[in-house]
Each structure stands twice: as C-alpha cells, then as structure tokens.
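Both complexes shown next keep chain A, but they swap its partner, so chain B is in the first and chain C is in the second.
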Partner chain A sequence: MFRTELAVVGAGPAGLSAALAASECGVDTLIVDNGSTPGGQLVKQTHKFFGSKAEHAGTRGIHIARLLAGELQRSPQVEYWSESTALGYYEDQVLLVEREGRAHAVHCDALVVATGAAERHMVFPGNDLPGVYGAGAVQTLMNVHGVKPGERVLIVGAGNIGLIVSYQLLQAGVRVAAVVEASRYIGGYAVHASKLRRLSVPILTSHTVKEAHGHEQVERATVWQIDETFTGVPGTEIEFEVDVICLAVGLSPVTDLLCQIGCKMKYVPELGGYVPIRNENMQTTRSEVFVAGDASGVEEGSSAMLTGRLAGYAAAAYLGKCPDFQNKRAECQRALDALRAGPSGQKVRAGLSVVVSMEAGTC
Partner chain B sequence: MRIERHPILTFTKGAKVQFYFEGEPLEGYEGEPIAAALHAAGIRCLRHSPVRNRPRGFFCAIGNCSSCLMVVDGVPNVRVCVEKLRAGMDVRRQKGKGDLNVSD
Partner chain C sequence: MSSDAIICRCEDVLLSDIRRLLDSGLTTFDEVKKFSRCGMGPCQGRTCRSLVLAEIARHRGIRVQDLEPGRFRPPGKSIPISAFLEGGEEQ
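Let's turn to the complex of A and B:
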C-alpha cells in the first residue's frame, strides 16, 4: 500500500494550492488528478485574472497553471499522479485510485478534496444535438487543442464565462451571432461586455433558447424573449443560423467523492448545489477530510487558489505541522474576504453563511 | 476547422497520423483527443443514443459527462474527448450501449 501524510484529489488551482501550502509546512503530499497535465481548468483560461497580486491578478490562467506546475516540480515533498482517478475513500483512511488500468490503495492521514465543478445543462427541444456544447468544452477544444468549435456560435448566458468565451471565440476566428441571457441584467463584468459590444456582438437580455434545430447536428437556433416569470413570449422569436450553441449557464460542484465518504452535505443554490458542511478551516464533518475550490461551492479561480491554500495549511495543522496556522489562516481569510466583498460577492456570502458551521470538526 | 493563427496561443502538436473513422481514413495529430481530430475533420455526431437513436456529440470535453462514447479498436464506451489519438486507430460511432467483446 502507498502511504502519504496528505492526499489531495484534483490538480486544479485549489488542489495545487493545497498541496503547495501543505508541503511548505513539511507535509508529504500526493496529488491525484484525472487530467494529463496539472492546472485543471486553468489550462484553457487565456484571459487575465482579477483580484490581487497574491492570486496572480493580471496573469493569464494558462500562465498561472504553468507557475503552479513549476512550483509543484520544485517541491520534492509533493508526488503527482496524472491520469489517475480517485474511486473512493474508506473508513480505514484508504483512498482507492485507478491509475494505468490498475487499482492502487493509498493510505493517508488527511485528505483534501478539490474535485472542482461540472457544467450545467439546460432544457429545450434539441438540447442533445451535437453542437450544443458546454462553455468549458468550447474552451478546451479551441484553447487547448486548437480546433474551432464551429463557424458561428450562439452563446447562452451573459455571466463572466459566457462573455469571456465569446471574446475568446472571436480571437480564434469564430463568429459569435449573439449572447442571450435569461435575466434582465448582464451578470458578468462590464469590462467584458463592453469588449463584445465594441465588436458588434449583440447581448440580448430577457432572452433564452426556445429550440435547437438540425438533422445530425445543430444548424439553427430559435431564441425568444421571456417575461418576468421566465415564460417565453410567443411572437418574439428570432432565428439564428448557427452550428454551435454554447451553454454558459453555471456550474455545479463535483461532490461525488465527498458524498461517498459520508461528509454531511447541504443543498445551497447560491453555491451551485450540494456542498459539504465545513468549518472556517475547510474541514468537513469527517475530521481528516478537507474541501477546497469549487467542490466547496462555485466561485472562481482566484478564490479556488485561496481556499486551496487555506485547506492545505489546515490539513497541515491537523497533522500537527503548521505551528503558525492562525496567522496563515488569517492571511488567506483576509484575501478571500476582499475577493468576496461588494455586490458581486453577495450570492457567495449568502451561501457561505448557511454552510460554514461549527457542526464540522475543529482542527 | 483548425485554428491557424491566434493572438495569444501557439499550439504544439504531435506527429500527423492517419486513423480510421467508420472505415474511412482521416488525419489527426498524435496525442490529441480523438474527438478533437474528428471535430477538426467536421465530424460531430459521435454516437446514437440507446432508446431514441438520437445523434450525440460531446458536451463537457473533459471526460466527465459520457456524451462522447465511441467504439475504438473494437472497445465500446471509450470517452473520445480524453482518449488520445494514435496512428491506425479504428474509430466507430457507437449505437446504443455498445457490445462488450468477451472472448472467454
């Protein structure tokens, strides 16, 4: 059996940050990730991040992935298993991992679950046609593999992801027919929306997809206006000749592993779905299990790095290896509070207020 | 449908290789996901669904959603959005749940 002090599931911004923080405290760490390169979804983020310098503000996601991967390589205490899938975690603190077609048992004294989030789908006739793609899939195809997702795209959702992906499509030489948004307001930052408007991409608020048409793949989309009860208004239909409908309608935390472990979960719409109850140190109701990043509630890359670092330090403290934990914790928390401040952080703050609980363990 | 020029990104690719889609030869780059090679060749319909025989493509492109299952070298239920392309692969659209080829 492979033994490690700390096992981290997921090598995205949260998992990498957790592993680096723990190793900084002298904790032997194993990261298990199903991707082939470290960085998780950072590897397709060509835009520059916001936030503060400590979270690499002003740096493109792809470069942050390389920075974190470089730090990982320089940390002799961190072992990294790529293309490895965590299958389950059991009472005797054994994490079962599939790697190269074999099951490996990993015994760990503490575990950080940083499994990220998955894209949401949306209900409309024809939503299963080839060409209805998640925004992340569009980014993966064009920004990682260099393949255009189509010739002309309809974007659904005017949050930051929808707006950023629209701009990235234009950069890749793909036309964007329009961005439709069910809400009356553009959810993403004005700076992203303005970029699109300068390039004459219409952003239609109070509009959604009525139907996708096509034989073997998307050939056309019908969009219509919706009223204040989100009901379609007959007679307002607009037809778009598009071969891709790109859904940027939010993410849900990937929490299968946490559920299997038996961590107490709670449905919190503001955080994207079921998330584990935890204390302010990211410790779940199972005392040796910590959570980080989008798996703890959907936010963004910068906050994932911070909750990751916090979980890494907290796991180290749990293992008795982080004497300066209170200061490190306060530093992470200050940065998180700054990211979550203001009107754009209101939803996350509301979600956290019901899920961060002393019901979870105390390290 | 490959991106030729990009203001930020450069794409490093493996060797150009031939593979087969429904028996027809196609070209792609070694090591890229099979789905990327197919998409670059204009192929988006990857399988037909078990109950209503509906065409399906990929959705998540990172191996989570199982929308892209194809038969690769005779093995069904391969997630082609993450399975890496190799020279000579035999890639076929999956019909329904796919048949397991059990020899013993």
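Let's turn to the complex of A and C:
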C-alpha cells in the first residue's frame, strides 16, 4: 500500500495551494488529479484575475496554473499523480485511487478534498442536441484545444462566466447572438457586461431558453420572457438562429467523496448546493478530512487558492507540523475577508454563516 | 412544460419518466434512481441529481434543502473490473 502523510484530491487552484502549503511545513503530500496537466479550471482561463496581488491579480488563469505547477515541481515533498481518480475513502483512512487502469490503495494521515464544482444543466426540450454545451466545455474547446465550438452562439446566463465566455467567443471570431439571463439583473461584473454591450451583443434579462430545435444538431433556439415566478410568458417568444447554446447557469460543489466519507453536509443555496459543515480551519466533521475551494462552496479562483492554502496549513497543524499555524491562519483569513467584502461577497458571506460551525472538529 | 426533455443524459431518462415515477408514489432520489437508473451512468449523477431533486421538491411542494440528496457509494466513477483484479502494487 502507498503511504503518505497527506493526500490531496484535486490539482486545481485549491488543491495545488493546499499541497504547497502543507509541503512548506514539511508534510509529505500526494496530490491526485484526474486531469492530464495540473491547474484544474485555470488551464482554460485566459482572462486576467481580479482581487489582490498576493493571489496573482492581473495574471491570466493559465499563467497562474503554470506558476503553481512550477512550485509543485520544485517541491520535493509533493508527489503528483495525473490522470488519477479518487474513487472512495474508507474507515481505515485508505483512499482508493484509479490510476493507469488499476486500483491503488493509498493510506493517508490527513486528507484534503479539493474536487471543485460541476456545471449545472437545464431542462428544456432539445437539451440533448449536439451543440448544447456547458460554458466550461466551450472554454476547453476554444482555449485549451483551439477549436471553435460553432459559428453563432446563444449564451444562457449573465454571471461572470457567461459574460467572459461571450467575450472570448467574440475574440475567437464566433458570433454571439445574445446573452439571456433568468434573473432581473446581470449577475456578473459591469466591466464585463459593458464590453459586450459596446460590441452590440444584446443582454436579455428575465429571459430563458424555452426550446432548442434541430435535426442532427442545434439549428435554432426559442427564448422567452419569464415572470417573477420564473414561469415562461406565452407570446413573448424570440427565435435565434444559432448552432451552439452555451449554458453558464451556475456551478454546484462536487462533494460526492465527502458525502461518501460521511462528513456532515448541508444544502446551502448561496454556496451552490451540498457543502460540508466545517470549522474556520476548513476541517470537516471527520477530523482528518479537510475541504478547500469550490467543493466547500462555489466562489472563484482567488478564494480557492486561499481556502486551499488555509486547508493545507490546517492539515499540517493537525499532523503536528505547523507551529506557526495561528499566524498563517490569520493571514489567509484576512485575505479571504478582503475578497469576500462588499456587496459582491454578500451571498457567499450569508452562505458561510450557516455552514462554518464549531460542530466540526478542532485542530 | 409541454414537450419532453432529457434529465439524465447517461441513461436517457426523460422528464416524463421522472414525473410518472413521482406520480406513482416515489418520494426520494434513491427510489427514483433504482426505478429509472437515473444517476447510475458514467457521470454518477453529477449532472442529473440536482435536476431530479428539484423535480422531487416541486412535486412534493417542499424545498430542495429539505430533501435527502441520496446515498453515495464507492467507486465514484465507472471503472473496469480489471482495475481491481490486477490490483495496485503491493508494499
């Protein structure tokens, strides 16, 4: 059996930061990730990050992935398994990992779950036609593989992801017919929305997809207005000739591993779905299991790096290897508070207030 | 919704299938899963679970947060049985 002090599941911004923080404290760490290169969602994020300089503000996501991967390589205490999937975790602290077609048992003294988030899907007739994509898939095609997803796109969702992907599509020479948004307001930053409006892309609030039409693939989309109860209003239908419908309707934390472990979970709409109850050190109700990044509640890349670092230090402290933990914790917390400050962090703050609890273990 | 739509892409389960099962008296995700195979394909419910839970909540007139999300068991994804037969390296 493979033995490690700390196992980290996921090599996105949270998992990489957790592994780097723990190894900085001298903890032997194994990081397991199902991708072929480290970085998680960062590898498709060609836009520059906001936030603070310490979390690489002003740097593009793809470059942050390379920076973190470079640090990982220079860290002799971190072993990294790519194209490996954590399949389950058992009572005797054994993580089951599929790697190169074989099941491997990994014994760990502590575990950080940084499994990220999955895109939400929508229910409408024609939602299984080729050409209906999640925004993440569109970004993977364009930004990782250099493939145009189509010629003319309808974007569903005017949060930051929908707005950023719209702009990236325009940059790639793809036409964006419109952005539709179910809520009455544009959820993303005004700076992104303004860019699209200047390029005369209509953004229709209180609208959603009614139906996708086509034979072999999407050829047309029907959009309609919705009322306060999110019910479609007959007679308001608009048709768009598009070959791609790109869904950017939010993310849900990927927490199946945490559920399977038996960590106490709670459904928190503000954080995107089921998330584990944890203390302020990202420690779950199972004392050796920590959580980081979007798996602990959907935020964004900068906070994922910070909760990852916090979870990494906390796991090291749990293993008795982080004597300066209180200072390191305070530093991470200060940066997180700054990121979550203001009106844009209001939703996350509300979500965290019900899920961060002393019910979870104490380091 | 008048026309039908896919809920579970892996197992080709339709919205009308889910509604028929709920009308027949099922009340939880695990029950719907056992009757329809919804969530038992390659993605293990990562796409359809939230859609099914929303439909169950609507049908029962309660909030999604008041539902049980259903059980999660390893392995977390479909893998060939040979992965276990050959086993990992022993130490």
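Definition applied: the second predicted complex is superposed on the first by the 363 of 363 C-alpha atoms of A that agree within 3 Å, B and C clash if a C-alpha of one lies under 4 Å from a C-alpha of the other, contacts with A are read in each partner's own complex, and residues count from 1 in each chain.
Everything that follows uses one rule, which is that a contact is a pair of C-beta atoms (placed from the backbone, for glycine too) under 8 Å apart; a residue touches a chain by one contact, two chains touch by 3 or more.
Everything numeric here is computed off the predicted structure, so don't read it as measured data.
Peer 1: On the A-aligned overlay, A:88 touches which partner chain: chain B = first, chain C = second, or both, or neither?
Peer 2: second
Peer 1: For A:253, decide between first (touching chain B), second (touching chain C), both and neither.
Peer 2: Neither partner.
Peer 1: Between chain B (first) and chain C (second), which does A:173 come into contact with in this model arrangement: first, second, both, or neither?
Peer 2: It touches chain B, and chain C stays clear.
Peer 1: In the overlay, answer first, second, both or neither for which of chain B and chain C A:118 touches.
Peer 2: The answer is both, since A:118 touches chain B and chain C.
Peer 1: Is A:128 touching the first partner chain B, the second partner chain C, both, or neither of them?
Peer 2: The answer is both, since A:128 touches chain B and chain C.
Peer 1: Would you sort A:143 into first (chain B), second (chain C), both or neither based on which partner it touches?
Peer 2: first
Peer 1: Per the contact definition in the header, classify A:274: touching chain B only (first), chain C only (second), both, or neither.
Peer 2: Only chain C; A:274 stays clear of chain B.
Peer 1: One more residue to check, A:211. First (chain B), second (chain C), both or neither?
Peer 2: Touch partner of A:211: chain C, not chain B.
Peer 1: Indicate the residue numbers of chain A shared between its chain B interface and its chain C interface, in ascending order.
Peer 2: Common to the two interfaces on chain A: residues 118, 121, 128, 254.
Peer 1: Using the touch definition up top, name the residues of chain A that touch chain C in the complex.
Peer 2: So the residues of chain A in touch with chain C come to 1-3, 85-90, 96, 98, 101-105, 118, 120-121, 123-128, 211, 252, 254, 256-257, 259-260, 265-269, 273-274.
Peer 1: Spell out the residues on chain A that touch chain B in their complex, using ranges where they run on.
Peer 2: Residue list for chain A touching chain B: 34-36, 41, 46, 60, 62, 118-119, 121, 128-134, 136-138, 140-143, 145-150, 171-173, 216-217, 254.
Peer 1: In the complex of these two chains, what residues of chain B are touching chain A?
Peer 2: 1-9, 11, 13, 32-33, 36, 39-40, 44-46, 49, 54-65, 81, 84
Peer 1: What residues of chain C sit close enough to touch chain A in their complex?
Peer 2: Contacts found on chain C: 1, 3-7, 9, 15, 44-48, 50-51, 64-65, 67, 69, 72-77, 79-80, 82-84, 86-91.
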